[in-house]
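Read through the structures below before going on.
You will see chain A twice below: alongside chain B first, and alongside chain C after that.
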Partner chain A sequence: MRRFCVAVTLLVTACASSQSIAAGAQRADLLGKLCGDTASLGDAGRILTSLAADGSRDDRLWAAPIARAVIDRKLRCDASGAVLVSGEKTLDVLTQAPRMPTEPSRSPLLSLKNRGLFETAEAALALRTAPDVAGRAAALHTLERRAASLPEKLFEAAAEQESDAELKAQMIAVAQAAALNSADPLKRIAALKQISATPDRRALTKVSALLGDPAYAANPAFKRAVDDAVTTIGRGIAIGDVLATLYNGLSFASILFMAAIGLAVIFGLMGVINLAQGELIMIGAYVTWLVQEGLRHFAPMLLDYYLIIAIPVAFLVTAAIGIALEAILLRHLYRRPLMSLLATWAVSLFLINLVRVTFGTQNLNFVTPFYVTGGVPVIGDFIFTWNRMFAIVFAVVTLALTWGVMRLTPLGLNIRAVMQNRTMAGCIGIPVRRVDMLAFGLGSGLAGLAGLALSPIYSVNPQMGQNFVIDSFMVVVLGGVGTIVGTVVAALGIGQINVLIEPLWGAVAAKVIVLLMIIAFLQWRPEGLFVIKGRRK
Partner chain B sequence: MSNFTRRSFLQTTGLAAAALASPAIIRPAHAAGGTVKLGCLFSSSGTMANIEGRLNHVVKMAADEINAKGGVNGRTLEVAVSDPASDWPLYAQIGKQMLEQDKVAALFGCWTSVSRKTVLPVVEQANGLLFYPLHFEGDENSKNIVYVNSPPASSVLPAVDYLMGDEGVSAKRFFMIGSDYVWPRTINKQLKGYWKSKGIPETAWKEQYVPLGFSNFQTIVNQIRAFADQGGGKPIVVLTVVGSSIPDFLREFANQGIKATDIPVLGLDMVEADLEGLNTEPLVGHLNCWAYLQNAKGEKNVAFLKQWADYVKANNVPFKGDVAIDPMVSAYDSVHLWAMAAKKANSFDVNEVRKAFPGLSFDGPSGYTLKMTAENNYVSRGVFIGSVNEKQGFDVLWQSKDAPKPVPFSPYS
Partner chain C sequence: MKALTSDRPFLALLAVVLAVAVLLGISMVSPFGISAYLANAIGQFAAFAVLALALDLVWGYLGILSLGHGLFFGIGGYVVAMHLLKHSSEVTGKVPDFMQFMGWSTYPFYWAGLGFFPYALLFAAAVTLLISGVFGYVSFRSRVGGVYFAIITQALVYVAMLLMFRNDTGFGGNNGMTGFSVLFGWSIGSSGVVIAMAAGSVLVLAVTLLGCRMLLGSRFGMLMIATRDDEVRLRTLGYETLRLKLAVWCLSALIAALAGMLYVPQVGIVNPRLLAPELSLEIAVWVAIGGRGHLIGAVIGAVLVNALKFWLSAAAPDLWPFILSGLIVLVVLVFPNGLVDLAKWKLAWPMGAKRLASETPELR
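Our next item is the complex of A and B:
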């Protein structure tokens, strides 16, 4: 009874304010559904979508903000209807007059199924009403995957109205692809062509379903089109799979490389097994976070670029920690490798606890800048994700710089000399102590850079370093202690093999198999892939 | 006054001061008959530190609350905290020590099932009591463990049922991904049995396990996309990875552009604390299921949240005061359940306390009344299904009308 009264009141208010009685009643009805239970919310979503296809311009403009508001929970239902919170203003949904919600009010929560419906409705409405091309293009992109379930008229109407030629062509293409099950065989053949233009497994599933279609047996032209589409899509998927495997392997390799390169420098030069390497990576990530927070306070417009601004800071801070560590602790232990191992382990525990006490144990909140968000679908099921690309590019640049430092600078020359024969290098006047210190700083700084590169991909917390120590040791030992080339090749190999095995036997088996392969390899070549010529022993 | 020396003066004044102060010291102790010890077995270091560590503080908070009301049976509660460092065998060792040397009246502890399994023989041998605050795989029934959270029949199955139903997403296909240990494997085994009983063919599901602490989810998310694109009904992901793997998985999932409306993730171990640090905007709509959510309605919850926030502030607890997760509430409920049982038995003896369990009920922060029966040490509680929102929390998407009766042993495994 109360609901009825509410509906009547709604109706009356609606009639008073709206131009046409019918539209007002429809709107009030829709509003009642929006504030109803799960089932009627679903109906409301469908009505909104159909409004986008064949509603009047007025209706579409009226409905456009509603779908978005429901998704964002900005629609508040109260006794006298509903209000919409848009920015600072709160407007009554029916009368568009400003008013505050009366208590008690509630904002409906979408169930998952309804969320899908409302996302579709929102995109459909945006396709028809968004003032800018980008907004309409984004809407079209959302609708593309659900095209078959949408009213055919929607895309046709939108294309008719579209002013941007390129977007118009895209809309027509989507409309064509949606006509796969239409009655007209010519339309279906055109749809098949459209679908096979973007080959992925979803398209294959859709097209394969047609093999059992009566038209497939009856119509030779249609049969040929289906067969062609299946072949094209199959080829696209195969190419995509190969590319995806390569890309995944490469991106994993770049992470392994970043984690291992600092270790390789330290281990290779001084024979120090630095168990605190993982924690230096962690500190690099924390420094990156501090830079982000600093920018947030002092230069918010640069916030998006914190990953780039933090590069020198992360390097210098971790390098300084490394140098301090070397000067205070490790230089006393060079002749006792086992002790240095224990000492660096103690340092790692100390650093973990220091960070835990200072920052807490929770994962840090990182802004994800646009250049590490999302990805581009390339071909088949291969998505080129930007955060991994960032890691790959970062690893390549780090590799180039490290190589440059080692090969082209006096410091690099000294480091290589000390690596080959410490005593002889000392005899010819190379300041071995200083080289040690700087090399340790370089290795630690590289770990800091690794932390920076990993922060857009992994969770950053005090424990994160422990994940990397074992992996980086595997890389360094396999590659041959202290060689940059070895580190690169080993990282690439381990990364690629991991990615190849994972889909076949699972991630657990992949880890075990890779470990077994490394052990087997080291039986055959104990020094690793690449050996530095030297007379250290 | 020859005998008035400085020493004697100090002695007398000292004695007098002690005599004056003694009632203040002695009286509560005397009236309370001393303290009774409770033991905590929650790691505050290692992989579980971030989530498990906060339970230590919740137990203390609940004990403080009971003490403020005069304690139990005239005795005040004293909480002994330990750190098993996420190292499973250490749980058993410390548990044994607490039961035999510290003579704790009850233990509150463990998060992962593997840690509970190591403590189980210890509490059985010493006839101790362990209150276990996590929802878990069931298939276990010890008279020495109180399973304060829910077995799958009253948490996971209702959630899966909801997703398979019309109100959910009519899920038809399932990608299971879990960490490689007992809890995910058992849950998935039960789920497969359940789906089989519903006539769902074996081709409609896929199972993958990753090592604990795994973080490189790129390939697996690719597999999930391929699985979803094969058609044949709505796919969902049943996520049973634990610890730091949860945010890493979610991050990769969102980054490959998969929305909750395309492939929803049902995270069985996902709590509010796992979303800290994540940009949850592209994750809105993913699901979890627990016996409590921070957004549960009701005065009890408001009071609990305030109590926790105040406690964090007053005691400088290194965790966020505005985040509450199910195991925290379950730990809080545990202490109260134990205190009620001890009061009812008017004893701290484990056998007596256990005899007092049947018929106990407690109105917890979740808004449901927790009940214990004579049948077993399981507690009947409500079920919530949460939906990730953009504020790193969960909205209550669905909740059970009342508390389902817990079924310890699954008929589906």
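Our next item is the complex of A and C:
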């Protein structure tokens, strides 16, 4: 056993020393070329580049400063080799030991052509060895333009090593682009296959550029590969666009739903048009911001979770404001819905200016927690973004909870009874006054939650509420007063129509068309999609 | 009904309005009297009062709340601005700045003939009638009423604002139209013309007041109030309320457009802010504060709120929104019929608001 161990140790030592001997010889050869004439300097530049592609890690680290040094004329050749001047220190290139250059010494001067070679070499080496992402990204940017002349292995190896996802994707893209223009048709066909595996518009631009390539007409196999790639990418983009439209529509619908659901409860219950609903949304967003700032001061490690911690706070604060509003103002106005409209407008005016005076008019800054950042590229140009997903999930949860409260709790039962027939509900002993108050609180609290859900997506300022009022009223009117189902269906419909029309004719046209459709729809069903049966007249 | 039968307050108001007109007339021809600045303010208040009258006609006497009357006001304003620009450029020979900005050297076709004032007047009336007629017809036919109607009108004016914010429509885009220089050949900035415009606006207000008064005193006015109070009964009795509502709605839109035509030359600018939902809501606030269902209330509300705004938004800009909202809440809670309740000298606190039982029932 011991003999075996010794043998292995000997073998390993032998291998290691022979490798280092080879590397040493190579390095000495390279050094000779560096100190040689113009032609051998050019060779040296190419060797440096190839070292970046397939040299060992040691070689790369050794070579990295040399290219830069030659460009800056910090390399001095003398009788016993060369010295690298870096700052105050001077190191022997081969032994890495500090020594002064012996006279006579000279710095190799680069010709214009060689200078380009060395710049490429330097960038190639930096791509493999630079410790920071920014350095590697800059190197990639330099290399991008001459990608076709560089060894393919360089980008593949760099991409394999790369830790930053975005930079890695860029490296792969550059490698693919380089392979597409390589001289070997088989390589080009392979690259086409690889590119069409991730179909997006950038890939399409790259591939369709090949339609004018001479090889497209000359080589039938290549032509077929290009045609296939174009078809595949086109299909991928189409699927991606459909999915993106649906996803955007869904997320817009969920925002509309969030803004409208509280309104639907209040409007449906009391026939009170709450024009302050938008401002309650705004206050929900401001409360979220306050929670974030509070966490920043008192519990910074929880900062990322402020969106979740703020949920009960936003709900309770806006619900309290709603209840106060109901108790002070609106309960006097139940028989006069049009006056309650003006009163709530006054409240909205008051709240806007209160917030403006307290916080100023500028947009608030929100931390973007990790769970609402970025997204997953799915297909084509469709990216499944987490902030939209957050809004959608939030809306679904809110919908479920609201539905639960309205259908499964005694409060919900009472609210529905009062909605159908206020007087009769009072007669059978339902505390109508308290139900009103709690329902108003519920509706307002839902608005606060909407504000919370919007804060990672929209800009939050005192004016933000006004953008939602008309949209959310449209949802409520279209859906039918006070029905959760109606609100959901109307939000989905309006959201999708908006998203479908906007890219074609713009946001204004989308608003006009939605409004005209609602007016036309009310011709057919004056009370909206879903009507609660009851004596409301 | 009381407001209709007792003539004294109405005549008093009319006398005040005419007195203001005469005062303005005097200061126009004599070197003494009101400054152009004050006259301009009075003229703007008069335009707003006409606008409030238009809304009171449909809201107070027909029970239909429109939160989109700014749309008709805006139509009048835009058409008169187009007229003034066309008129000016016939004198100077240049197209207005915003068109040069868009790179246009000639007017779009729909500007044709607007330099001729009677045609501009007819054009404004036609556009107003077309829009109010179509919208009113589809809404009243399907019996959209109450809060639904209010919301849809608000959406309508909002959409109009969005359209006007576009730069490529030929109406000045988000900057609007300004730089009017000539009115019927006179320089628009001279104090004589400013005072004349103010006097004209006050006279138009007086005429509108009288006209509305006569309309409401007629059989038609009775039918309007009957529609407001119980439309179903009126229909059952065999009256066609659709045509009646449509007629009043279109008339109200025309008056609002007229107010816009008075307003824009006096402020010297028209832009999409005229179509902002807030302005349309504010018109309803003027009427509610003054007294819905009273012609006097509409005039008093418009003049009072705007005079306050005129004074406070210069003296204490931060305070004005708070005062306005407080005023609205106070009036809504304490004076169910607006400030005309003050005449009864009995404050009704919120709990006992029923004592001042609302004279103009809400339609739902």
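Note that in this section the second predicted complex is superposed on the first by the 362 of 537 C-alpha atoms of A that agree within 3 Å, B and C clash if a C-alpha of one lies under 4 Å from a C-alpha of the other, contacts with A are read in each partner's own complex, and residues count from 1 in each chain.
Definition applied: contacts are C-beta pairs under 8 Å (C-beta built on N, C-alpha and C of every residue); 3 or more make two chains touch, one makes a residue touch a chain.
The model shown is predicted, which means the values in this text are computed figures rather than measured ones.
K.L.:
Quick check on the superposition: with chain A as the shared anchor, is it clash or fit for chain B versus chain C?
P.N.:
clash
K.L.:
For A:N467, using the defined touch cut-off, is the partner it touches chain B, chain C, both, or neither? Pick first, second, both or neither.
P.N.:
A:N467 contacts chain B only, not chain C.
K.L.:
Could you tell me if A:D381 is touching chain B, chain C, both of them or neither one (first, second, both, neither)?
P.N.:
First partner only, chain B.
K.L.:
Once the two complexes are aligned on chain A, which partner has more residues of chain A within touching range, chain B or chain C?
P.N.:
Higher number of touched chain A residues: B.
K.L.:
Give one of first, second, both or neither to describe whether A:V508 is in contact with chain B, with chain C, with both, or with none.
P.N.:
A:V508 sits against chain B and chain C alike.
K.L.:
If we overlay the two complexes on their shared chain A, which of chain B and chain C does A:E279 touch? Say first, second, both or neither.
P.N.:
neither
K.L.:
What is the contact status of A:E122 with respect to chain B (first) and chain C (second): first, second, both, or neither?
P.N.:
After superposing on A, A:E122 lies clear of both chain B and chain C.
K.L.:
Could you tell me if A:R335 is touching chain B, chain C, both of them or neither one (first, second, both, neither)?
P.N.:
second
K.L.:
Which segment, 63-71, 117-125 or 279-287, is the chain B region that clashes with chain C in the superposed model?
P.N.:
117-125
K.L.:
So chain A touches chain B in one structure and chain C in the other; where do those two contact lists coincide?
P.N.:
Comparing the two interfaces on chain A, one with chain B and one with chain C, the shared residues are 353, 357, 466, 507-508, 511.
K.L.:
Name, in rising order, each residue of chain C that touches chain A in their complex.
P.N.:
Touch residues, chain C against chain A: 59, 65, 135, 138-139, 141-144, 146-148, 150-152, 154-156, 158-159, 162-163, 165-166, 277-278, 281, 284-285, 288, 318, 321-322, 324-326, 328-329, 332-333, 336, 350, 353, 358, 362, 364.
K.L.:
List the residues on chain B that touch chain A in their complex, please.
P.N.:
Chain B residues touching chain A: 45-47, 49-50, 53, 163, 167-170, 180, 208-211, 213-216, 218-220, 222-223, 225-226, 229-231, 244, 247-248, 251-252, 255-257, 259-262, 264, 273, 276-279, 285, 287, 318-320, 387, 389, 395-398.
K.L.:
Show me the residue ranges of chain A that touch chain B in the complex, using the header's touch definition.
P.N.:
Contacts found on chain A: 38, 73, 109-113, 115-116, 119, 145, 200-202, 204-206, 209, 244, 248, 251-252, 255, 353, 356-357, 360-368, 373-375, 381, 383, 385, 387-388, 457-464, 466-467, 498-499, 502-503, 506-508, 511.
K.L.:
Show which residues of chain A lie in contact with chain C when the two form their complex.
P.N.:
Its residues touching chain C are 267, 271, 273, 275, 329, 332-333, 335-343, 345-347, 349-350, 352-354, 357, 466, 470, 473-474, 477, 507-508, 511-512, 515, 518-520, 522-524, 526, 536-537.
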